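Heads up, there are several structures right after this.
First chain A sits with chain B, and in the next complex the same chain sits with chain C.
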Partner chain A sequence: MRVTQGTFSFLPDLTDEQISKQVKYILDNGWAAAVEFTDDPHPRNTYWEMWGHPMFDLRDPAGVLLEVNACRKAYPQHYIRVNAFDATNGIESLKLSFIVNRPDEEPGFNLHRTEGPGRSIIYTTHSYAAQKPAGSRYG
Partner chain B sequence: MAEAVTEGGDDAINLAREYEESGIGGVLDQLDRELVGLRSVKSRIRDIAALLLVDRVRQRLQLTSEKPSLHMSFTGNPGTGKTTVALRMAEILHRLGYIRENHLVTVTRDDLVGQYIGHTAPKTREVVKKAMGGVLFIDEAYYLYKPENERDYGQEAIEILLQIMENNRDDLVVVLAGYADRMDTFFKSNPGMHSRIGHHLEFPDYDADELMSIARLMLEQQNYHLSESGEQAFSEYIDRRMRLPHFANARSIRNALDRARLRQANRLFSEKPTRISKDDLMTIEAAEIHASRIFTEGKPDQDPV
Partner chain C sequence: MGKQLDAAERYRAGVLEYKQMGYWEPDYRPKDTDVICVFRITPQDGVDPIEAAAAIAGESSTATWTVVWTDRLTACEKYRAKCYQVDPVPNTGPDAGTDPQYFAYVAYDLDLFEEGSIANMTASIIGNIFGFKPLKALRLEDMRIPVGYMKTFQGPATGIVVERERLDKYGRPVLGATVKPKLGLSGRNYGRVVYEALKGGLDFTKDDENINSQPFMHWRDRYLYCMEAVNRAQAMTGEVKGTYLNVTAATMEDMYERAEFARDLGSVIIMIDLVIGYTAIQSMAKWARRNDMILHLHRAGHSTYTRQKTHGVAFRVIAKWMRMAGVDHIHAGTVVGKLEGDPNTVAGIYDVCRDTFNEKNLPHGIFFDQDWASLKRMMPVASGGIHAGQMHQLVHYLGEDVVLQFGGGTIGHPMGIEAGANANRVALEAMILARNEGRDYLAEGPRILQDAAKHCKPLEAALDTWKDVTFDYASTDTPDFVPLETVTV
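And then the complex of A and B:
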């Protein structure tokens, strides 16, 4: 099951050229780009591992692509995303986030139902991938 | 056959139009106007501009060729205009579409080399990423390599730069600058660096006439001018200054003029004339030049005043 998190995730995967253009948009707006990765696809997994520092003061997307590719090389079977952080006073938050790398096989989620009091049901999702220990989840 | 002829005709027109459209003529003219002397440097820049222009037209006609590598080294004595030309280089290469951004990142050893193990690589990469799409200007590049200390981290920075210069040729132009003799030693001990740099530009020293034109240009930019006697005195000053140690070409001229401006302000202040004309405020007299220690003691001035 294809994980859909962040912008563009319902589109086919972006090519490097398309990523470049999106990053250019980020930089032209004066936002800082950052690369993050994870192997836990749960939708509530908000804070991913940082790949290096957020990149301030860049002018050209080639620098960000350099980091994306370095991260892909180190973690080819992880989810990798590019974040755009707006440091403007009073905003100081994420403006854009999109996935740039995903594992070849995404096993999807198990929907676990727990019977509650009365006839209520508590739903929980478990990623099949997350049943294995971190670091050995995707191949 | 006829078709081939018209095709050839179209191409001929393209090149002239291409030149106009790129606006490169204006930049090169400005270079000629604002930079005195440096004939060899200017002609090399013209060569590069021509190559890039032809390349662009060739690309349009699907004549593929590899993008030329434009990493450069600028060698020359202090004050010969290396930084000034590097600034222009970014603009020229941008107009020609070789680099995507018209920006130049100037760094020295401090910005590239870290202080402890594992610090250098991220620091260098950070700088490189900031320079991406433009020109990375490394001033006093020979400081990167310190042969007397084999555990120096400079070597690590050099290796990362080499790798970037090779792999990201399309994204970045690296310009190394430094004094000629030290850069020679630097390149001798880093043959990889030497071979990856296609263009070695040497900045010759200026002669006395060129220095005089530089002085006029500098004053003009700051809305000053020399009086007739002042001009004579200053050319004498240049003659004497050139023979003394620590002569730094245009930089020495700039410093001398700065000191002359101070003295001029001082003179105007102490004279306290009832009326000062606009011309008085702009003119630098011979007295300001003659007050230099070069004339009184035969030594270069140390402190301004």
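And then the complex of A and C:
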């Protein structure tokens, strides 16, 4: 399966050139780019590990791509995403978030059902990969 | 101006013109704390427009048809609404082949209104005047709500920013589809449509306005099958998914029961119809805030009073009231789809939904500056007759903070529902990628879609099937304004 979180997961994996253009869009808008990685792709896993702080003062897309590639080198079989933080009042949140690296094999999720009263069911989503300890989940 | 009367003359029993009773004050300067309305009035033949406008102010505040001495027990000057400006509407009158129409500006003191109550505010402002005999027609075009009053309303339960954070979806419009056929599917069959559409790439599916609890599918059955579909689709994609469970019902008790069941099943969103009424909407908005629920509003019924230019309430006003009342989603027009929607009018409505401050913008039908006092921003929804082949136009006209709902455009896809959803998502992501890269995506749109279709068969099929479908009819609801000449230095 293919985890389709992020803004561009339905397109073929972005090339470095395409990533640079998106980063340029982020920086041209005055947002801060940040690199994050995880080996737990649960849809409600909000806090991926930070590859350093958001790069508030960085204005050159090449610098961000450098960090993406360093993170890829350290975690080639993790999910890695680029986030854009907008500090404008009334937003103060993410404006873009897209995956730039993913494991070769994505085993997907098990949907666990617990029958409740009436016909109601409590659903729990488990990542097959996350059943292994953190750090040894993919490859 | 009405002839100045001394107190004895003014309060002598009998009938006076409204403009003599203090409801026409051309020298009045509205206070920052006043509620201001602009009405489009069409007086009966021979009726003085100033008197008609004063009557609107009178009947929507303190006046009745005759003088009453009990006014003198009150600070009546303060409580009288004051019409302070009447302008002819551009392009109306005999030369334009229409009845003469006028924009009448009326100011209301803050003390006329109960805090946080749409019902109270609207009972004054639209309660009594729309059937008034001296007028052929009357339309509430726009309102300015003072900050002090705005702050007494909860506003959207969730708001655009928090909705996106909960859904983990950023940087692109959210995608949805209304389940079709809207009537007749059993719960089990209905859930199939939900599952296929969500698995294929949509973020949301939606009950239609008239799906409540009918013989072919009772509400509990629908909710149970829909949540199975949502959770299965989440597991298949690793993405947060949702389906708007319509909780519209006959009584508040029924609606709370349905909303609680939706919450207990883990739904992230519920929906209501505009026809449940303003008070019910505010109650559900408060419930939604207490229960971490996104609240979708389907504007069922609005065209009965929003569409005709001369009579009713403009939709931009309804949108304002609904943002104050506290809904998170509101259907607000598509420009290119099958339902009414002049591009400028729709742009004005979207600004009302999404901006923290609206600047006066007559070409967009916005008559006043409006400070939203940090009420959360409301997500507009574009639904009705849109398809993947229009993606460049949709992104251009509607921007990023919008739910694009492709019902027929998903379920009617020749390769099936999942493929239809897939086509829409790929088209959208390709368009956003191109926009962010700085390309002229509006002009290059068809090209961008064709290129994206090279790696997506379903998109190719969608483009082939609907390539020439447009809904190009004249709009009935367009702004009337005099274009100002731009002074260039």
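Convention: the second predicted complex is superposed on the first by the 137 of 139 C-alpha atoms of A that agree within 3 Å, B and C clash if a C-alpha of one lies under 4 Å from a C-alpha of the other, contacts with A are read in each partner's own complex, and residues count from 1 in each chain.
Throughout what follows, contacts are C-beta pairs under 8 Å (C-beta built on N, C-alpha and C of every residue); 3 or more make two chains touch, one makes a residue touch a chain.
Bear in mind that the values here come from a model prediction, so they are computed numbers and not experimental data.
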Open item on the list: Looking at the superposed three-chain arrangement on chain A, would you call chain B and chain C a clash or a fit?
Closed with: fit
TODO: Considering only touches as defined above, state whether A:44 meets chain B (first), chain C (second), both or neither.
DONE: second
Open item on the list: Touch test for A:57: chain B only (first), chain C only (second), both, or neither?
Closed with: first
TODO: Applying the touch criterion given at the start, work out whether A:104 contacts chain B, chain C, both or neither, answering first, second, both or neither.
DONE: neither
Task: Touched partner set for A:66, first chain B, second chain C, both or neither - done: first
Task: Arrangement angle, chain B at one end, chain C at the other, chain A at the vertex (C-alpha, nearest 10°) - done: 100
Open item on the list: Contact-wise, after the overlay, does A:1 reach chain B, chain C, both or neither (first, second, both, neither)?
Closed with: second
- [ ] Look at the residues of chain A and decide whether chain B or chain C touches more of them.
- [x] C
TODO: In the overlaid three-chain picture, find the nearest pair of C-alpha atoms across chain B and chain C and give that distance in Å.
DONE: 16
- [ ] Going by the contact rule at the top, pick out the chain A residues touching chain C in the complex.
- [x] 1, 3-5, 7-12, 18, 21-22, 25, 41-44, 46, 83-84, 89-98, 108-111, 119-123, 125, 127
Task: Of chain A, residues touching chain B in the complex - done: 52-53, 55, 57-64, 66-67
Task: Complex contact set, residues of chain C against chain A - done: 161, 164-165, 168, 170-172, 201, 224, 227-228, 231-232, 234-240, 264-266, 356, 374, 377, 422, 425-426, 429-430, 432-433, 436-438, 452, 455
TODO: Enumerate the contact residues on chain B facing chain A in the complex.
DONE: 100-101, 103, 122, 125-126, 128-130, 132-134, 168, 171-172
